[in-house]
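Got some structures for you, see below.
Both of the next two complexes hold subunit A, though its partner changes from subunit B to subunit C.
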Partner chain A sequence: MSEKLLDVKNLVVHYETDEEVVEAVNGVSFSLNKGEIMGLVGETGAGKTTTALAIMGLLPDRVANVIEGSIEWEGEDMLKMSKAQMRQVRGKKISMIFQDPMTALNPTIPVGEQIAEVVMLHEKCSRVEAMKRAQDMLAMVGIVPERYKEYPHQFSGGMKQRIVIAIALACEPDLLIADEPTTALDVTIQAQILDMMRNLQKQQGTSIILITHDLGVVAEMCDHCAVMYAGEIVEHGTVEDIFDNPKHPYTKALYESIPSLDKKVDRLHVIQGMVSDPTCLPTYCSFADRCEECTEACKQGDPTTVHLEGEHTVKCFKYCGKE
Partner chain B sequence: MAKYILRRLVLLIPILLGVSAILFTLKTLTPGDPARLLAGNNATEEQVNAKREELGLNDPVLVQYGRYIFNFVTKGDLGTSYRSGKPIVQEVLPRLSTSIKITFGAVIFGACIGVLLGIISALKKYTWADSLVLVLSMVFQSVPEFVIGLLLILLFAVSWHILPANGIETWKGYIMPMMCIGLSSIANYTRITRSSMLEVLSEDYIRTARAKGQTERNITKKHALRNAIIPVAQSIGNQIGTAIGGGMVLETVFGVPGVGKYIVDAISNRNYPAVIGGALIIAIMLTLINLLVDISFVLIDPRLKTTIISSNKSAPKKKAA
Partner chain C sequence: MENEKNLIEIRNLKKYFNTPRGQLHAVDNVTMDIEKGKTIGVVGESGCGKSTLGKTLMRLHSATSGSVMYKDVDIAAMPLKEFKKNYRADIQMIFQDPYASLDPRMSVLQLVEEPISVNDPKLSKADVEKKAKEMMELVGLAKRLEGSYPHELDGGRRQRIGIARALSLDPQFIVCDEPVSALDVSIQAQILNLLQDLQKERGLTYMFITHDMSVVKHISDDIAVMYLGQLIEKCPADEIFENTIHPYSQALLSAIPIPDLHIKRERMIMKGELTSPINPKPCCRFAARCPFATDKCHSEEPTLREMKPNHQVACHYAEKFMK
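Moving on to the complex of A and B:
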């Protein structure tokens, strides 16, 4: 297919405090081609956001450590880049939309200036040109450019998120990481925001990593999908693979938990137990304790990632030896 | 906005009534007879009584209070000094400008250094620089102002001869009182700046700024500082009050002819009109300064503008909706 943009290999990120070590991301690998939209799904605490922050180089100082792995951007390892180099990447090549639009904008700076800021940082242009570009961006996300000088508190939540998107797209990045861009918004606005992201992706050919815990959003938007559990990608494939032919017991259990419109059920299916405590993950398969298809082997060791047909991969003992 | 200012000015009335009532009560409860002091030690009982009658001290307290308020409201008259016989307003106003200069100088001095130290310790949190700033500011806060004042005099005036020990004949005379009042407020500004800076730096919009590829320097300058300064500005209003209180004592230490020294002198002379008048003028000034500080917030924090304006226009807004 087309050229490889981002290649994450065996990424391990730990949060270390005096009391404990939180194993947030444990050996995540995936790659993304130009123009693709990848979904990253999983429940809260699965390590989705940490993976995204690691790619952006925005993990909190001192606390978070990338233990091993590499994140290659067009063949160059971003983990080995200097701070100045990373600043050139952030905002220009990779942008990020954060989860909560209510707090993502600076309350004391007019929204237009917040868009112009990123333009001035990366495009060598004058203040006037940057302002013009910012107004164009506002118009593109459906906000009248006359509101350039208004402050974030004068906008609604959905509009704020559109401004955040305008900031992220102002320099036409190659990759957009959207961390639960619609979680904080109501359903009507969600649809608008997703539509807008998809249109922009078509116009500018941007690749997108869409982090969400909403499988419906993934089905609607993505080409690929990776399912994360306890800091690992347990299943990865095209959206058709994942939705029509889920392999991993966790993915299957997720589908069974979705309420159906045409079947009447008294109780929805529940995945028993809790997500393993990330401060002391089991040495064996981290889903084994909750898995309905758990066998003896599952509690003996950690399964390796198995390649099924095409791009479909799954990390489960059930499929070991069936390659 | 105009309505907001007007409402705040109307609030001055109960404040002044309260302050004057408290001062009048204290005056009545304080032992000592100003009439006897004024008439002199050799005066006969009749002379003292006549003096008392002249000053209106024989009337019931409430009548005295009512007369005082009436004169103030109708003529802007705060009484006359027992000692000099001049109107209090005339005596206090020229001294007020001296006190205001020192207070403002002290607040600006303290705030600048305090904010700077606060930023340093927030950016270098948990390092030796952070601890040093903490210790330094605690020292200045714990040592009483008059002790610092005496130490400054010892250092700058007695040992180094670079600043005058007493009086404000030249601009140099202002430096030590300003420094002295300012130093004690540094700890307050440092602490507030540090904690609000740390809070702001962990906000999401700082992460947004980093995600734009902005440099750390600009993030501190453009994004963090303006938000972190809001609680600092709020505390400046309170600090002005403290600075004036500290000034009362320090004006005596440094021999500065300000309102503080005037009131302290008046207290020892039982010159009640001067005490009450001086205190009332300070109360008016403090209220006005606080109003100015509050209005200046709007310039820093755009969110307040909407709150202030919408609180006035809430009624018509509902109609529009």
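Moving on to the complex of A and C:
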């Protein structure tokens, strides 16, 4: 039995403004073992990034509210930790790579210094040691250490993303949260970055949560996959479950709406309607209004999460009572 | 025109930009035929000149040299004023970012009316409005949205406004510059279907610029692969995945993650990144990254050769890579 690293239970996050309440995450539960790569897929506004920010303790202070739930890190609830305690965890045990490498780096500080900064903060080492470590990190992500003193604008997009990854990995975190790490990059550079992340996972045993909307990336990288819709995990399982045996109508519709490389289709399948407005989610199944397999029961109440074979879970009335 | 079937014939088109460090060869000697009523997909990494090619056809950039034949006239060489008067309406463009390409202070109806009234100032206000409403219906924008502003709409609807604006002048040829890359997959499917329907109804010809290979294969009849300003391979869309010849095209294709667990391909990881397009040496532009490069590749520029009917490749060793 592998070690459970992260355990998110029934997480509910709302953004509250004067006019409205945005129900961003509505009861998300999942756990992650050591060395596993989990994919978190879903469309814009599904709550993927909010979930990640909640784990990092980086939700915007005044507007975001964790209504209920817990996020346990090696058995300890991170939501109850003080800010000072969280700072110890962040960057050292859990690191995050943000979507846009162009804005994640400080343009006025040489890239090497930006890596060394994290090391000095967490490892309590001397400047020289931190510098040495930063140079090693640069080499590891495939950038010559001589470029330590160069500034972000002197690097290309793919290289900047690699520097961001070097910063995230400088303290050998146990968990890396990568929020759309390759979305802004070309496929060839994406392939390099994904390869690198996979190697790191193998060498250092890092667990990874990979947030993406690209199912191809998930198929290539992940062990597990959770599909999010309107702030809920509608289907969760191993990649084999999700790719070979998708159950939830939304997951199936997602597959049909992406153009395939090996099959010739004349028209793409379209998911009818729009994503439900997170300020007024229906009281029943949030996908019901767009679902092709919707029945009377779907509009009566919210489905519960049903456990199918193994780790495969699905949140849909179609499977209720068939456990 | 050399061939009756062609709508546009591009011959030795060049677009150079002057920079402090020298001449940047954004589009370098591109020769291409675009068949009437068909879609030509243009793919390549960022910076390969695909958008510049589209903009040069539109006369948003003026060509450095070369010709673009349309209806037996060279639209690249004529004075800009004449082009705008007689041909601008025939050749239209859909832009990548529907968030940035619409005036935030104009309502949907005003946005669609704008190109109509600008291109035909003699038209009465009522006629402009009538035409704009027709266009909105055509692209599937509901009547109730007429008074809405861009910020109130989602990406898919905004892109529909862009399409309505382009179509309002009854063009023959539309340059679609990454029209779906900012959209979620389910919205992307709607827009791709819409573009295909409009093409069938109105006999439109598209140039579809994208970096997403699965999208380009789905929508295109022919595919052109560009690398550092040059056209390196052009072939029918079905052919590109079966019988790609140029090593760069092969590497590009092998880098795409496929959302299927049972397809495993051997990946060609390219070393390094794009070389600079400023004052390039007379050699194969891909030689520096090509695993098969020889001395000849580093000293002599390959020309585009017809290897099979409809399949052109610019590589010294194309015979060797043919299956």
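Here is the rule we use: the second predicted complex is superposed on the first by the 322 of 323 C-alpha atoms of A that agree within 3 Å, B and C clash if a C-alpha of one lies under 4 Å from a C-alpha of the other, contacts with A are read in each partner's own complex, and residues count from 1 in each chain.
The definition used in the following text is that a contact is a pair of C-beta atoms (placed from the backbone, for glycine too) under 8 Å apart; a residue touches a chain by one contact, two chains touch by 3 or more.
Bear in mind that the values here come from a model prediction, so they are computed numbers and not experimental data.
**Q** Just subunit B (first), just subunit C (second), both, or neither: which does A:Ser95 touch?
**A** Only subunit B is touched by A:Ser95; subunit C is not.
**Q** Of subunit B and subunit C, which one contacts the greater number of residues in subunit A?
**A** Comparing touch counts on subunit A for subunit B and subunit C gives C.
**Q** Using the touch definition from the top, say if A:Ile109 reaches subunit B (first), subunit C (second), both or neither.
**A** first
**Q** Between subunit B (first) and subunit C (second), which, if any, makes contact with A:Asp195: first, second, both or neither?
**A** Only subunit C is touched by A:Asp195; subunit B is not.
**Q** Of the partners subunit B and subunit C, which touch A:Glu43 in the superposed model: first, second, both, neither?
**A** The answer is second: A:Glu43 touches subunit C but not subunit B.
**Q** Once chain A of both complexes is superposed, is A:Asp244 in touch with subunit B (first), subunit C (second), both, or neither?
**A** The answer is second: A:Asp244 touches subunit C but not subunit B.
**Q** When the two structures are overlaid on chain A, which partner does A:Arg87 contact: first (subunit B), second (subunit C), both, or neither?
**A** first
**Q** Common interface residues of subunit A with subunit B and subunit C?
**A** In the superposed arrangement, which is not itself an observed complex, subunit A uses no residue for both subunit B and subunit C.
**Q** Taking the complex as given, what residues does subunit B use to touch subunit A?
**A** So the residues of subunit B in touch with subunit A come to 203-205, 207-215, 222-223, 226-227, 300-303, 306.
**Q** Report the residues of subunit A in contact with subunit C in the complex, numbered from low to high.
**A** Of all residues in subunit A, those touching subunit C are 43-44, 156-159, 186-192, 194-195, 213-220, 239-240, 243-244, 253-255, 257-262, 264-265, 267-271, 274.
**Q** Please name which positions on subunit C make contact with subunit A in the complex.
**A** 45-46, 154-155, 184-186, 188-190, 192-193, 196, 211, 213-215, 217-219, 238, 241, 251-252, 254-261, 263, 267, 269-270, 273
**Q** Flag every residue of subunit A that touches subunit B in the complex, lowest number first.
**A** Going through subunit A, the ones touching subunit B are 56, 58, 86-92, 95-96, 98, 100, 103-109, 114, 117-118, 121-122, 151, 153-154, 164, 167-168.
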